[in-house]
Amino acid sequence: KEETPSAGSGDGQAAQAATSAAASAPAAGAGCTLQSTGTPKIDLKDAIVGFSQSEKEANPFRIAETQSIKDEAAKLGVKKLLTTNAQSQLSKQISDIQDMLNQGAQLLVVAPLNSDGLQPALAAAAAKHVPVITIDRKVNATACKDYLTFIGSNFVEQGKRAADALIQATGGTGKVAILLGSSGNNVTTDRTNGFVEQLKAKAPGMEIVAQQTGEFARDKGQQVMEQLIQSKPEITAVYAENDEMGLGAVTALKSAGRKPGKDVKIVSIDGTRNAVQALAAGDYNGVIESNPRFGPLAFETLQKFLAGESIADSVIITDRAYEPGNAAASVAGAY
Amino acid sequence: MAPPAQAAAPPEDGAAAPPALEAVGVAKRFPGVVALDDVSLTLRPGEIHALVGENGAGKSTLIKVLTGVHRPDAGELRIAGRPVTLHRPFDAQQAGVSTIYQEVNLVPLMSVARNVFLGREPRTRFGLIDFARMHAESAELLAGLGVTVDPRRPLHTLGIGAQQMVALARAVSVDARVVVMDEPTSALEPREVETLFRVVGDLHAQGIAILYVSHRMDELYRLCDRATVLRDGRLVHTGELAGLDRLDLVSMMLGRDVAEVRRHGVTGFGDGHRADREPVLTARGLTRRHQLHGVGLELRPGEVLGLGGLLGSGRSETAKALAGALPLDSGAVEVAGRPLARRSPAAAIRAGISLLPEDRKAEGIVPELSVRENIVLAAMPRLSRFGLVSRRRQDRLVEVFMKRLRIKASSPEQKVGELSGGNQQKVLLARWLCLEPRVLLLDEPTRGIDVGAKAEVQALIDELAREGLAVLLISSDIEELVEGADRITVLHAGAVAGELTGEHVTESDLLALLADRADNADRADSADRAEPAGPVAADGPAAEPAPEEKR
Amino acid sequence: MKKPALLTPVPAAAPAGPRSAPAATRPAAEGGALAARLLGRLQRQAVPAVLVLLVLVSSVLFPSFGTLDNARSITVQTSFLAIVALGMTLVILTGGIDLSVGSVFALGGVLAAWASQWGIVPALLLPLAVCGTIGAINGLLVARAGMAPFIVTLATLLAARGLLLAVTHEGATTYLVPRGSAFAELGQGTVRGFGYPVLIALALFGLGGVLLQRTPFGQSVFAIGGSSDAATLMGLPVARTRVLVYLLSSLLAGLAGALSAARLSSGVTIVGVGMELDAIAAVVIGGTLLTGGAGTVGGTLWGVLLLAVIQNLINQIGSLNSSYQSVVSGGFLIVVVLAQRYLFRARPTP
Amino acid sequence: MTQPALAGRPAALRLPDAAWLQKYGVYLAVAVLLLFNALFTEHFLTADNLRTQLVQVAPVVIVALGMALVIGTEGVDLSVGSTMALASALLPLYLGYGLVPALLIALLAGIAVGLVNGTLVSVVGLQPIVATLALFVGGRGLALVVADGQLKQIVNPDLLALGSGSLLGVPWTVLIAGALALLVAGLVHRTTFGRRLVAVGGNRTAAGLAGLPVRRILCGVYVICGVFAALAGVLATARLTASDPSALGTLMELSAITAVVVGGTPLTGGSVRVLGTVTGALLMQLLRATLVKHDLPDSTAQIAQAAIILAAVYAARERRSR
């Protein structure tokens, strides 16, 4: 049932069979310890933990992410979990983190809105010797010094795996449209770069004929796809940088009388239940998971750190890949 | 008072001096209207020149061309003999032309002092505005004009008359060699009119040329040396005023022959009305903090009740209170014996009370809407069925009133904002008349209306009263008030100061009562508007100008 | 009461100066003079009063609210919005609106971060030059071509965002500010724990207050907003003032962006989205009429703080679901403006 | 009208000059854009494509119509996007009872939002932008609370038919938008309510003194705007085949205001141009479509969009006759 990452996604990842808390500590680096951050030794059960979410819990990924942190905190009996939500505003995320520090947070889990720009918040945490784990997205800063470690996926890798899936579905030929995420966003950039690179390397027969932003939203994805169907009827494959846009494209194709999954192959990233269902129904050709269940891994890492163990500078979480073959069986496991 | 425009250009000697301001063959056309057509005007240094014509004749347009607001389509402007092109009003002001435009053009939300000094504020050593000096100077300037208001007060809290005085203060406190005044007196009381005349006299003495627009013939003959007459945008006459007969002037303005003009009297009013019936409107104890103190009055069907008082005496407030447009602290209004339960203009209108407000720009017209829509605005429910407007019924009504009031517009679809001031006033009058009210409250109904139409409006008021309408008339034109009213209730400082009835409804009685009141007030407290020492109230047109304390 | 209260005088609201009207003197005469005067003063200053009330109440409710640390973090976070809102105040006072500030803010940050490799001077000059150009375009199109400010600045909102994307290769590149550089210090340094941006914002507000209240330029701004026809007829430099106002707004937004880049150590591409609405809200909550002609920069400062405190409070409440957070902050907003309206003496509607 | 003596001189002949351009500039811009696409965009002049454009623009048109009325009273309604989301979030909860009850509930939500806005503006006397900001922020939160933050797939066939069905080849959404445009045009020009609304926008004081029920009118206008937004939310949901309260209607307030203003209705109130509003929305739609179809990168697309908006509005700008 579980997937091992496909061939191209090697570096540092070791597939594990456990459901979500699959983790691997790469052997690289000296690692980070209590001494190196100057964090006092505390028990997780007596600690105030702060969690800064970046976007509203209004999409499956964020809902699952927050829930997983909350669940794990409850499970472990953490004394107090503060949660904030930056509502997609960087400045708010910085003040959120500072607010939590002012409220006495001793450990922080942060889902950064952006890879750059959290510097002031990280500095404030470092000044108080509060370790910060960033999840889902890596920040451009020095692990161990500015933050403790990063737990998450590799977005470039996700893009590459999506390319692989699409190549497999199309047989390596055809005209591709990319539904980009929001402009200026690191995720968009990485998922695009990974995809484009891989396509160039592996399938020179595939041509990218359109790259338009659908802003990670279903209705925008649908609208852009509707336009593209009219102006570029020759499109045979769609790569959507998240499931929502992909599902929007499915609707657009259907209402234009095309058969998504057959006339036009669709691959997207995220692994939400709706997309996996579409895959199972044959409207889709592949979904690369972006695993949101960080809770267990994050707290496990914190516990190890507080116990004095050395922590590596990044912990890669395993992303599954859903294929038409395994989709029907995996729907229940998707978030 | 602060000597206005001390440093004005020295009077150039004699007839040799070039005209202060000159327009040659000026034309100006608006979509659908030729507002000016080959008009020339020469303003000699030191003269007071009257610009006359009926509503919509093009007076204000000419003034706006002369002061850089409008660019003429043809023709040339010369200031002090030199041809000029004015791109903005600023250019005209730089060239020494200072203007009071017809509608008060000040900034309502800013303080009185700031309005007076906008654009030329006194500065401190550090180049910052010196508010202390500004307040002191503007207070002094205004006191010199007989207006004692706190210069920090936002302008919009003043009545329209007081605002006009602020505009005057502004205009005369700059160094100018030409001062243009477009109907400066239309909103003023006799007392303020006297003040204005005194100021005009001062300016005249300093050799400053004045272009003066007014529909009040007396004023023109009292003040002006020469006159230019416009009709339908064309020049009809320019010449000395002294030799010109009044009837001739009016006939030139209206384009009708003298005989026809003569048939109209001084005013359009007839003699007293029968008013023996029960009052249709009774007001008791109207009170509102700082504005009204227990005003009570009665209005009978078929009579015209005048409301007299000085500027700021609370007449407009009384009218608004009657029409439900002013929240009251206490007091009651009854219409035909039944108390008005809800106080709102809508309720009052339903009870048959119509108010023509005083400030037509702020409270009257909806400038972007057409003449037709402005006229039917209040009567809309009556002209529509199931919420759908009936264009046909509207048009019929509008046609009647445009004819009856001689509203000059390119079509009923013209925007009201584009009409001349007097015609806007007529549109508003039409709006209220077409409601067929039982009680008509008229606050300055003939403000800015030309001689011809004024008589017609007055005749109309007369006729309406005869038909059984109760009319409350507020007018700063004392002659109009006395001629028109059967009875006059005089207000002072927001309270009833007395009533004139029967043969006492005369100019002298009214002025005597006002003067008496003003004197009493001076001796009494009144922190807000203690007048400067000395009798300030003018005792009528023939009286001496009020003494000036600061000379 | 001699001081001409620099930041809070006159709009339609309440004259801050003494009023000779009996209204002002009466309550004083009725005993409890001082208390009554204070109350009267407070009543006329609705926004600060609401803010003070809110701060007092929440200091009691949340122990971690009323701390110096919290004050420091709130102020430094708000300083950027405050600077942007200052420019917005000027624009709104003329009866205009500037929707482009959010994009210009982001663009300013990116340009500053890029130029910071050559030192602090280019890092400040480049964004100011580019943003100034955008502001000048806004101003010229509004003032000279007579186009609606809403549309003009909406277009430049798009254009600035597009420019930003072009500069960052569709957002793929994030320029970093060299660590420890003088420019980074400008955003990160502190005086007694209060960041430089706070001091800069305060200084700018001081200057803005003087500019608005004590210079002819400021008078023109009010006059144009109050009645642009009247301002023209009075011979004020209407077009020039308009251009300047938009120019200043963009310059301030660009400066705020640069400072924010210095603080964030990088030219982040995703900032500033929706910032224009926050700025407008702060200005309007601060008592400035959206139609122009009345308002103060001091009010804007209070407005910005009020918004920040509301947000901080929501965080203090702790584990609110993000959806409820929006509901609560919307509710808060209504409560605050209603309090402003009914508990405190409302401005007379002009 | 016959009043030869008074009516000035014969009007100067009106040529298609500056004033003409000002009045008809938007239409001209749409025509130019259509022409450009017909010439340079592949597969543009096909029935399918034109239908796509109309379908996409329909919700914007509906919201913009309501917005135009609000703007006509010198107001603005920022909460329209959130109202759409709220309506969308409510739908799946009540679709079990059938389309009509669910639709009614959604529209009721629109009325409720409108009432709150209207009350804050007319009775409390807040500035519209602040009054509607509260629901702009809170409304979407409410929608997410209602929907539990979840996007829900729509399966009700009636609702789906509303989104994808058509009559004589014209999609229902387009028909509805068109009908509403006619309705609003009639409302503005032919009813007392419409004429009074414009008067309130033109001079509120004067309207009050003329006895117009200013508060009721203002309230009514915001209610209409709320209902329209809710309806647009329903239609957008039907077309998306999902209720997506987090994304549906984001930035709709800006799109709607832009359509209204580009269409020539001044933000200062006192006039409402219905056809202009529809055309304004179409212009923005065509513009977006053109940029997507030519696959411009986002940076270039945004700059191009800015330039074209400015050019169109510059041509149609109000020139003051001096």
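Brief remarks on what is shown
Labels A, B, C and D are assigned to the chains in the order they are written; within every chain, residues are numbered from 1.
Rule of thumb we're sticking to: a contact is a pair of C-beta atoms (placed from the backbone, for glycine too) under 8 Å apart; a residue touches a chain by one contact, two chains touch by 3 or more.
Everything numeric here is computed off the predicted structure, so don't read it as measured data.
Computed from the mean C-alpha positions, the centre of chain A lies at a distance of 36 Å from the centre of chain C. Averaging Cα coordinates per chain places chain B and chain C 42 Å apart.
Look at where the CA atoms of chain A average out and do the same for chain B: the two points lie 73 Å apart.
Distance from the chain B centre to the chain D centre is 43 Å, each centre being the mean of its Cα atoms. For chain D, residues touching at least two other chains, in rising order: 144, 149, 297-299. For chain A, the set of residues touching two or more other chains reads 56-58, 183. Multi-chain contact residues of chain C, defined as those touching 2 or more other chains: 161, 164-165, 170, 289, 321-323, 325-326. Taken chain by chain, the contacts fit none of the simple shapes, being neither an open path, a ring, a star, nor a full set of pairwise contacts. Here the touching chains pair up as A-C, A-D, B-C, B-D, C-D.
Contact residues of chain C toward chain B in the complex are 4, 10-12, 15, 17, 19-23, 25, 210, 213-216, 219-220, 222-223, 225-227, 229-237, 289, 293-294, 348, 350. Residues 64, 67, 69-70, 73-74, 76-77, 80-81, 161, 164-165, 168, 170-172, 174, 176, 188, 260, 263-271, 273-274, 308, 311-312, 315-316, 318-319, 321-323, 325-326 of chain C are the ones that touch chain A when the two sit in their complex.
On the chain A side of its complex with chain C, the touching residues are 53, 56-58, 81-85, 87-92, 94-96, 98-104, 113-120, 123-124, 140, 182-186, 188-189, 193. By the touch rule above, chain D contacts chain C in their complex via residues 74, 78, 120, 124-131, 133-142, 144-145, 149, 254, 257-258, 261-262, 266-267, 297-307, 309-310, 313-314, 317-320. Interface of chain D with chain A (complex): residues 41-44, 46, 48-49, 52, 55-56, 144, 149-151, 153, 164, 236, 239-242, 244-248, 250, 289, 292-293, 295, 297-299.
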